[in-house]
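Each chain gets a letter, A, B, C and D, in the order it is written, and its residues are counted from 1.
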Amino acid sequence: MLSFENDYSEGAHPEILRRLAETNMEQITGYGMDHYCESAKARIREACGCPDAEIWFLVGGTQTNMTVIDTITPPYAGVVAAESGHVNVHEAGAIEATGHKVLTLPQHNGKIDATELRDYIATFYADGNYEHMVFPGSVYVSQCTEYGTIYTKAELETIADVCHEYGIPLFVDGARLGYALTATGNDVTLKDLARIADVFYIGGTKVGALFGEAVVFPHGNAPRHFLTLVKQHGALLAKGWLLGLQFDTLFTDDLYTRIARNANEAADRIRTALREKGYRFAFEAPTNQIFIVLDQPTIDRLSAHVRLGFMEKYDDEHSVMRICTSWATTPEHVDELIALL
Amino acid sequence: MLSFENDYSEGAHPEILRRLAETNMEQITGYGMDHYCESAKARIREACGCPDAEIWFLVGGTQTNMTVIDTITPPYAGVVAAESGHVNVHEAGAIEATGHKVLTLPQHNGKIDATELRDYIATFYADGNYEHMVFPGSVYVSQCTEYGTIYTKAELETIADVCHEYGIPLFVDGARLGYALTATGNDVTLKDLARIADVFYIGGTKVGALFGEAVVFPHGNAPRHFLTLVKQHGALLAKGWLLGLQFDTLFTDDLYTRIARNANEAADRIRTALREKGYRFAFEAPTNQIFIVLDQPTIDRLSAHVRLGFMEKYDDEHSVMRICTSWATTPEHVDELIALL
Amino acid sequence: MLSFENDYSEGAHPEILRRLAETNMEQITGYGMDHYCESAKARIREACGCPDAEIWFLVGGTQTNMTVIDTITPPYAGVVAAESGHVNVHEAGAIEATGHKVLTLPQHNGKIDATELRDYIATFYADGNYEHMVFPGSVYVSQCTEYGTIYTKAELETIADVCHEYGIPLFVDGARLGYALTATGNDVTLKDLARIADVFYIGGTKVGALFGEAVVFPHGNAPRHFLTLVKQHGALLAKGWLLGLQFDTLFTDDLYTRIARNANEAADRIRTALREKGYRFAFEAPTNQIFIVLDQPTIDRLSAHVRLGFMEKYDDEHSVMRICTSWATTPEHVDELIALL
Amino acid sequence: MLSFENDYSEGAHPEILRRLAETNMEQITGYGMDHYCESAKARIREACGCPDAEIWFLVGGTQTNMTVIDTITPPYAGVVAAESGHVNVHEAGAIEATGHKVLTLPQHNGKIDATELRDYIATFYADGNYEHMVFPGSVYVSQCTEYGTIYTKAELETIADVCHEYGIPLFVDGARLGYALTATGNDVTLKDLARIADVFYIGGTKVGALFGEAVVFPHGNAPRHFLTLVKQHGALLAKGWLLGLQFDTLFTDDLYTRIARNANEAADRIRTALREKGYRFAFEAPTNQIFIVLDQPTIDRLSAHVRLGFMEKYDDEHSVMRICTSWATTPEHVDELIALL
């Protein structure tokens, strides 16, 4: 059956599989101490314009979020995130399991607002009892967000300014970073992100890799003994080169950008069709996730032919459904879907 | 200076000090294994109408909340609380430090609503992704609440019904329980509470003791090896009899109730005076905490003579201030305050 | 350069790569809810003779150990392990990071002794202060051990008897289980293990897979909501079918056993050669790890041609070095090594 | 019945009770922000010769150990302690519950050896795999130790030198510090300790207070936002002045030293009597704890008249028993005991 359920339904870009096969019987040092990881890191440093960046390859998103947040957030502090942030909603309490509270701000199409962030922190420090409360100790945003929206460069810069005014690191979850970087209207490059954020990751799982997230500390600012901390969080892959090899491939000849753009182009075509056919959008988002409000008969009709994602009830008769394209979406899949709409 | 700042500004009821002095040089077994603790437990079991109750004496409120919540909430779950709940706001992240998320519901004058609780839990289990989320694993309410309000018996019973429908324990924070039990209009007795809640505590620190909270598992339902768990949370007092002796005193001749009622009577007199003088109440509450909206000049004028608690900014010109009576408040203090108003 | 450094230096058995390539563009449901995982579980249940087994696929060893130990060990308890156990030495404190102490027993060629285990537990409960101490709450053994040795069936059964006498689950770390199952002299089958242990895992990372460990709760005895707990530990792979597919392959036509046996046969040939040439063994072990005592000149000579593992200083002039074969070791590699010795 | 079971069997020195009674109805600010705490801190700073010392009052020993160790030990590290250290044996896993491993060294009459400590750390860093292991991140010693022995100044200095060579803080558990400071043969003053240790505490619970431990960071080197961290660990007493008042009393007119010396003098008399009567000492210790090897008939005979502490089985017929004096021991108690021996 046709599926637009999510962006991690297929394996990996064929070029990645090719290189895995090609190097399969090489004997390689473990735990990321190999030359494929070195090569991948060099390419990412280059792409980020950060010669001093410290880069680590982890396996999955929740794992990366918990490891990074736990290690950059002081013990007396929590992480500030949108109430809709993945770390607040869909990580089974992994952040709290490391001992840190998630401090929520309202979401606006999935994004936090720099002014609300500043108010939140200023109000915190103005409270006579703040020493009895959880300090804001790091800030988490997703680019693109869980709703497919993206921050503008100005928005990210303002958020970073607020963070740095209070000595708080800004962490950008880039599980779908490729789809943000290549979205129509996006003005945030990888180099911008590396300049603005204190730490971010480049998602592989959802953008062409079998699995893998590349954590970037742009200014050589990784927490001390980060490898040990990664291991302690159960996040150190024995055959680390599998991650290096994948990111090396993704950052060769701009593959990461090219395949991410494919998803957005597919989504753009679908959006145009939806608009022409009068579908209602739950909110505007320029990346590979499309959220539309459907009535139950339409859902039933479509479900017979294509798998969509369910997001939430909209009202008694409607639901918000997600159409998700990916690096693997083909023009034929898009044609089929549009024909069904 | 006169102070109505809080209800933990004085030491202990004189009768408690008298017994501490009287027994001071007795050689007593440590860690709560003494006859004073046994006697106190027997009196509390009697007062609760729970012959099978398991009772433990801890030192302070945050410590008690973290120990109880951590040990009654499954590892895959969090604790549901009002967004204004002490565990969510003023415990420095102690709950999250034990690995559990605080799942918040809206507060209505400091209380959660049973219907909203049921909706929250039902929505949780209706979500196709609930296994990726934090389960509601226990419910926390305060009686009286952080805003001085109280749950009715019917409200508590309905909340308990929701909890038990889903197999979730209900935990009642009774840091100010005495002031709830003796409030005008209250219809929840200690026996009711022991019947309705799965675990609750009887606050001593704010009601006549130097320190101490009596945790009651009414149905012999304490977590296994609870003493070890208390110790592991740093909450086991070496000279445990100091706690037993205090609660034994408080539960002799109804002392706990009598001194708690004193606070409410004082508060009732102050409320009447405030009403007559046209002060604005932030919200109605029948216990020992009174929240009023004052303009800055009034605050400045009063502050010269009496210490009040600051709660929060109301608007640019006004603040919500707290007047707090206690077991130790004298009629003379009340007269003085009323004269100042 | 020739390498006998460890058993995770190569990618995966070619048949696994073939199936990954073959299924690469299929659209598959995430988080292990797919038919490849179902098929793999069915094959493992069959191989274990446990129709009720609950099976989960995790990514790596430390991750698996921390997730399993944290979820089977009561909160007032620790895990008992050999002082040489991987969880005690080489997991960067991952177990303690989940809040549990590792309680150590002496190791005898890497193994714990059932009598010492019983003494340890009996002594614990005989101590008048045991409620102030960390309870023995689970037992961890490795099969084969970190020293390449194996437990006999009788040894495992006796350890399990002690555990069950005290209501303690027995957890068997099978990171190298294949090499134990196929060792000369081994008398513990997979079915035996599934009958004796309360939970164990079948290691893939070191036995033919790119990565992956199959956790088996033989009697349908997985902790409640284990998927959520796996997620909370950052251990839930988005593309779970990558694990299912690998184990499905490994448990088709006995591949797992066949490739594990290859490693042992290679090791047996090397052991024979070492013995003939008069090398000194650090201890006797029948599996794919060989520990020998070498003087520095020999180490230097060999290091020019082959990578060995360093284990520890033996004395001022000697070190214990490890020769490690694997599923990927070829007869030609063995020939080369023997020629060098 | 006569009791020499432990040093926390009585309440508090009468002068403390007197001051508690005297100040009982004063209205005092909570959480240690009061003038009694300020006064006590000033006296302790003076006694330590550390004008910059940061001082915090916590309630109990385990609580203090877990709070201090968790906050001074890096997240990738554990605390090094004697295998007999209280934190390793008798704190119900409180240290591990904060996420840190206890790394053990052999004990020599309850003490660790500086050379063994240096070897341990040097060996750690020499291990090629140390990044996969738990770093030594703080060192814990008890003065006096759990066996009543004391470190000499030279011993402490050498241990501190090793610590500082590796950038590791030295933490001294002073639950019984008074009994060490006043022991015959002791050459470590409070000023010495404050110069040598990075953090230590002055035990009140066992030396004259109802409860309370004064944590001293001699060089203004408390972890950032330590009050919040104390609160987060459930260790912040609401009526903090109860602690301040007790330590203010103990550090007025040298009361702490005087009452501690009383315990040692009593113990010295008992030791002399034991020696004269030919009792066998389990080991030599100059403080208020005396460990003797008794046969069962003697234990039975004594137990009819006096409560002693049981330490451990010595052999099938003998046990090690503890005689413990305290600030509260009277000459008459000692006479009675000697008569019984």
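Simple rule for what comes next: a residue touches a chain if its C-beta (ideal position, glycine included) is under 8 Å from a C-beta of that chain, and two chains touch if they have at least 3 such contacts.
Fair warning: this is a prediction, and the values are worked out from it, not measured in the lab.
The chains that touch both chain B and chain D are A, C.
Using mean Cα coordinates as chain centres, the one most removed from chain B is C.
Put simply, the C-alpha centre of chain A and that of chain C have 33 angstrom between them. Computed from the mean C-alpha positions, the centre of chain C lies at a distance of 42 Å from the centre of chain D.
In terms of their C-alpha centroids, the spacing between chain B and chain C amounts to 50 Å. In chain C, the residues that touch at least two other chains are 76, 91-93, 97, 99, 131-133, 228-229, 231-232. Those residues of chain C that touch chain A in the shared complex are 3, 5-6, 8-12, 14, 17, 20-21, 23-30, 59-63, 66-67, 91-94, 97, 205-206, 210-211, 228-229, 231-239, 242, 307, 328. By the touch criterion given at the top, residues 76-78, 89-93, 96-97, 99-102, 128-129, 131-134, 310 of chain B touch chain A in their complex. Put simply, chain C touches chain B in their complex at residues 31, 70-71, 74-76, 99, 131-133, 135, 224-225, 227-229, 231-232.
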